[in-house]
Amino acid sequence: MNVTVPMPNLSLVVPEILMVILACGLLLVDLFIPKDRKRVVGYIALAGVVVVGVVTAAFWGKMAQPATTFSGTFVLDRFALFFKEVFLFTTGITILISLKYLEIEKVSLGEYYALMLFCTLGMMIMVSGADLIVIYLGIETMALSVYVLAGFMKFDHKCTEAALKYFLLGVFISGILLYGITLIYAATGSTQLAQVAAVIKEKGLAKNPLLVLAMFMLAAGLGLEIAMAPFHFWAPDVYEGAPTPITAFISVAPKAAAFAALVRIFYHGIQLLEPQWQILLWIICAVTMTIGNVTALMQQNVKRMLAYSSVAHAGYILLGVLAANQVGVQGIAFYFFAYAFMNMGAFGLVIYLRRENIVGDDIDDFKGLAQTHPLLAVIMVVFLLSLAGIPPTAGFVGKFLLFAAAIKAGFYWLVALAALNSVVALFYYFRIAKAMYMQSPEPLPQLSPGRGLVLALVVVGVFTLFFGIYPQPLMSLAKDTAHTFMMFLS
Amino acid sequence: MMINAWDVVFFFLAGLILLSALGVVFIRHPVYSALSLLANLCVTAILYLSLMGAPFIAMVQIIVYAGAIMVFFLFVIMLMNLSKGEYQERAVPWRLLLGLGAAALFAFQIFILAGEWRGVLSPGAGGFGVKALSHFIFTRYILAFELVSVLIFVAALGAVALAKKKL
Amino acid sequence: MMVLILAVVLIPLLGATINGLFCWFTKRKAHIIAVPAIAIPAIVSLILLARVLQGERFDQVLYWWIPLGDFRVPIGFLLDELSAIMITTVTFVATWIHVYSIGYMDHETPRGYAKYFCYLNLFVFFMLTLCLANNFLLMFVGWEGVGLCSYLLIGYWYEKASAANAGMKAFVVNRIGDFGFMIGLFLIYKHLGTLLFSQAFASAEQLSVGVATLITLLLFTGATGKSAQIPLYVWLPDAMEGPTPVSSLIHAATMVTAGVYMVARTHALFNMAPLSMEVVASIGAATALMAATMALVNNDLKRILAYSTVSQLGYMFVGVGVGVYAAGIFHLFTHAFFKGLMFLTAGSVMHALHGELNLQKMGGLIKKMPITGWTFVVGALAIAGIPPLAGFWSKDEILAGAFMGGHRIIWAVGTFTAFLTAFYMFRLIFLTFFGEPREKHLYDHAHESPPVMTIPLIVLAVGSAVVGLLALAPHGGIVGFLNRTLGEAHEAAGHEGGLTYILMVISVAMGVAGVVLAYFMYMKRMPDPVAMARNFRPVYTLLYNKYYVDEIYFAFIVNPVVGGSRYALWKFVDVIIIDGAVNGVGRLCRLVGGGLRYIQTGFIPDYAWMILVGAVVIYWIGRLF
Amino acid sequence: MIPLSHIIIFSLIIFTIGMVGALSRRNVFIVLMSIELMLNAVNIALIGVSSAMGNLIGQVLAIFIITVAAGEAAVGLAIVVALYRNRLTVNVDAINLLKW
């Protein structure tokens, strides 16, 4: 019996293949590295991530047109490439800020870095998946790694609790996501986005209630990682409990991946249901922004506050999804880089304050930072300004793009609400600044940051400012991304 | 309404599955609950085999789900050797009510769409063989297949990293 | 060209960044970074100036900030005759002041030392941005940036209450001016639809006279704040709390002239609004006179120089106000040299006398510190308008321009002020450097400053002596050069042979008269200044107390505002309205936030059902719409 | 001839039962098993649809779901073991250090 298995075009998945080799190789290398020098594994992982990043970037020029492989279940376009770079950048920075932290927490293990790479792999598949099955498997690969990473400090009560919460809610929601996929499959007979779109168009299923429900279930499934209301409940608890580098990681990368998958499914799969999903996302967007910002006001724990802030940011980014125009996609793409800079930076500061017996995540730990570490305080202010969306920072440019997109699409009320929310947000960001500048420091043990952390902070700090003053390069990349992505649509 | 043999089989199996599912949720002791789930999965496998023409899935269901996952569950439950107080939950009626209410709301939502599901199952029509399925997996979904292997590896790696006692 | 301009702008920023980020490393060696960071741009500026001299011109948008549809903010540079002169002046003077600072800031803590140079470099960066901007917004960024650095540097010794207060005062007063400037920018954008200089000026003629007058007056409000003109001059004398090189660089030579530069830069708009021009010239003349009179009786070395700066800035505004923009900028250029020089010599004196500033305690210092003394005399001669030193040429241009333009009263005021200027400057010199030492103790400890401080003095003194001669260069000299961009507003009427020389003679005579009077009063004691002060007590008191302007501001503006806000506003507005509404909203938010956080019970099943219920509710709301 | 809607409604019932279990039970093991039950319900629906439409995609996805469920079980149980070591409880109601 002869079955011919056609060889798929593997050149498009070179970054993913490299990632798998890197992660597996890392585990092998880990065996030969003594326990007190696990940092070396981190360096290797970092080097590998940089290599994969360069390889991924090399595709950019060739991908003016999207290309598919694996019988159309995998697509590589600039949109996917852009987000892959976001993930790789975030992973690199996370590795940098983890090096010292893991030693302080005494959980320096090679598996940590391997899991992080596998997680990145899952996200890379997610943004390139053109088939719901592949996207689902990408989500699960990412999610399983993140669950473990969130509970990596396994002797810490809060940490394991965070992992359990994340895990249970994640698995629960993934059941709903699967039901959504099943519904789409039942209605259209396919899971491949292009075919789904074709069938919807052909059979005129745009108002099919099954599909509407399926759309909502998909949004719910991805909404958990996005941390949009009402699927955000896990976020504050997990952010607080997880190891801080992982908190930084999950506040950016899985969110970006889920957003990218959401955008791809909604724009390329069920775009004819646009009127329906716009209504739903409108409500979710309004609720998400408001809940995130208002709840953040009263938080005493900075990690928790940033968790709510990240919920609110998910709301702002939803504006771009809602707008469904080129500027919107450009805004989403730009915002995620900006968001990666400023959020990684803010969490990096929290890690910086980690010392013996002090987690550094209480707002009181920031007291008088301007006096003891003026430069650190200035950098934190840059991140806070950016998070609050004040020029000249990258956060402002990103928010401007998203708002402009929403205005262009006619969502005036939502933009007004978003602007109002931005004002509310100022209050809690200002609380940190106030603690740093207007309160006197308490005598605390000396800070001893690792070099990796300092490097990471400088990199993200410089980027936050640089792309605020000169956003052109990133903006034009984001514009190309959006252009090819939306071109495919029409 | 004509009742044929397949209907009888379906309702019989469905009844069994339903009962065992209720068992999973409402039995106090986790071990018995797990056994109930085991039964549930096995009967589901029969459903796949008999009515839906999916023999391979039925096998996988028995081997992986029932054979591996459930054994794993039972193993961990017994390993912990929970005292009676641990698994004997105090009833929290409002939570049960809320759970029921939320779930009912959700079910209602899909239920009212029942009319949208078209098509019928024709048991005994043969269905797909393993060959067709494997061809499908190894051509069109080869990427997904490879990814699943990575996923299983990640799960094993993560489980070991979390569960081993020493660092 | 682009590369050179970027180098000029960015190298100081680089220096500031290095000293800012690595102050723990550079410490005492901060100047090794900071001085080249200004010196290199100074050399590059000279190259640029040479190329502009050959007729090159550069006006290009570097990039658009957030280019999105109609909303485009240009970031770009403009190098023409005006900005070339400005950057050359700024970088040249700044270089020598940086060198001087090495000696002057000797006693600071290592980190403070690095911080000081960081601020100074940052200031130069913003100043160059201001001068080279090719659009209003970037200019505004530079404008605010120099204000920020000025504020930081005035309050450099923030432990001193007076320094902190002075910083605050400068900050507040400047905000008033900037507010006007900002509204002006909005109006420009609204009426002309662009922020680019080239486009805005090209279409300036479309503006109606009323709008143009409004815009230019608003812009001039900004200028009065930054350039210390009536009524917003009060911050500058207090700004002398900062380190003296800072007073020299920022509060004499460069930043305070930004207002003059701005008016000259926007001359196309001012030309459309004759009324505004009158206002500018009148305020300039009034400020010149008033500040000069206040300097007559003051005994504080640095404050006299500060009033003199205010007065000279008044001259510059007279120049740009009567339409001889080039003359105003020329005076700005020469003033940077001699006023920078005089502040540095004042710093040298302070350095020698351990911070003593009171003239009445000095005297005879020229024997102890000859370089400082004689360079100061050069500067004073320059400011007094004695030919052939720098001040003579530029001041004469302004006064001639005013006279030719038909502003006879302004000319008279200016000429009289020239007399006052010469008088108070030489009063200062005679009291400080000549005669008998009045405080033996101070005199004995006085010493000449180290070479690192005196060399900049000599360089600037030579500059003060000769730069005026640029007026005699071919093709109309520096004025002709500047007029290539600034246009020959009233120049056609000027230089009518004999009349020009008569005016020149009059102003020189005024200067000489002032010097001679000062000599007789303070060296020969005839008439005795003490007796004079007694005989003209009311006038003396009025002048000594600076016309009570600070007190008036306090009585009529600050106190009512503060008091009013404390009593009326606080009691009524704050408690009832703010507390009731804004604070109420804040409180509501916090209340809601405080409540919302308790949704987060921490129990997993709760989260699960809340997710489910929330999702279903949102789904149904969505379906019903 | 069994109408597809029967299968779907049946799967839905099982799914809901699983959901009730996940929402109301407090023993982590039973919560986990309830979630497995939900996944199983999804599988029933998928294979039903696949069979009715004569299309293999549903079966492929079902196989993957079974595999992913195995992975999830492994990770979930490992987390529970780690938590049990720290807190000596498997009761989700006792796990709320992180709140507000």
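Letters are used for the chains, namely A, B, C and D, taken in the order the chains are written, and counting of residues starts over at 1 for each.
Basically, contacts are C-beta pairs under 8 Å (C-beta built on N, C-alpha and C of every residue); 3 or more make two chains touch, one makes a residue touch a chain.
Owing to the predicted nature of the structure, the values given are computational and were not obtained by experimental measurement.
Between the chain pairs B-D and A-B, more C-beta pairs are in contact across B-D.
Centroids built from CA atoms put chain D at 7 Å from chain B.
Chain geometry summary: the mean Cα position of chain A and that of chain B are 31 Å apart. As a whole-number value, the distance joining the C-alpha centres of chain C and chain D reads 72 Å.
Distance from the chain A centre to the chain D centre is 26 Å, each centre being the mean of its Cα atoms. Multi-chain contact residues of chain D (touching two or more other chains): 8, 15, 18-19, 22-24, 26, 31-32, 49, 53, 57, 60, 64, 68, 71-72, 75, 78-80, 82, 85, 92-93, 95-99.
Each of the following residues of chain B touches two or more other chains: 95, 98-99, 102-103, 106, 109-110, 117, 141, 144, 148, 151, 154-155, 158-162. Residues of chain C in contact with two or more other chains: 597, 600, 602, 604-605, 608-609, 612-613, 619.
Taken chain by chain, the contacts link every pair, so each chain touches all the others. Contact residues on chain B toward chain A in their complex (touch as defined above): 109-110, 113, 116-117, 131, 135, 138-144, 147-148, 150-151, 153-155, 157-162, 167. Of all residues in chain D, only 8, 15, 18-19, 22, 28, 31-32, 35, 38-39, 42, 45-46, 49, 53, 55, 57-58, 60-61, 64-65, 68, 71-72, 75-76, 78-80, 82-83, 85-87, 92, 95-99 touch chain A in the complex they form.
Chain contact summary for the complex, chain D toward chain C: residues 19, 22-24, 26, 31, 92-93, 95-100.
Across the complex, chain B is touched by residues 3, 5-6, 8, 13, 20, 27, 35, 70-71, 73-74, 106-107, 109, 111-112, 114-115, 118, 121-122, 125, 131, 133-134, 137-138, 140-141, 144-145, 147-148, 151-152, 154, 163, 179, 186-187, 208-210, 213 of chain A. Across the interface of their complex, chain C is touched by residues 164-165, 168-169, 172-173, 212-213, 216, 220, 229-231, 233-234, 236-237, 276, 279-280, 283-284, 287, 291, 294-299, 327, 375, 397, 400-401, 404, 424, 427, 469-472, 475 of chain A.
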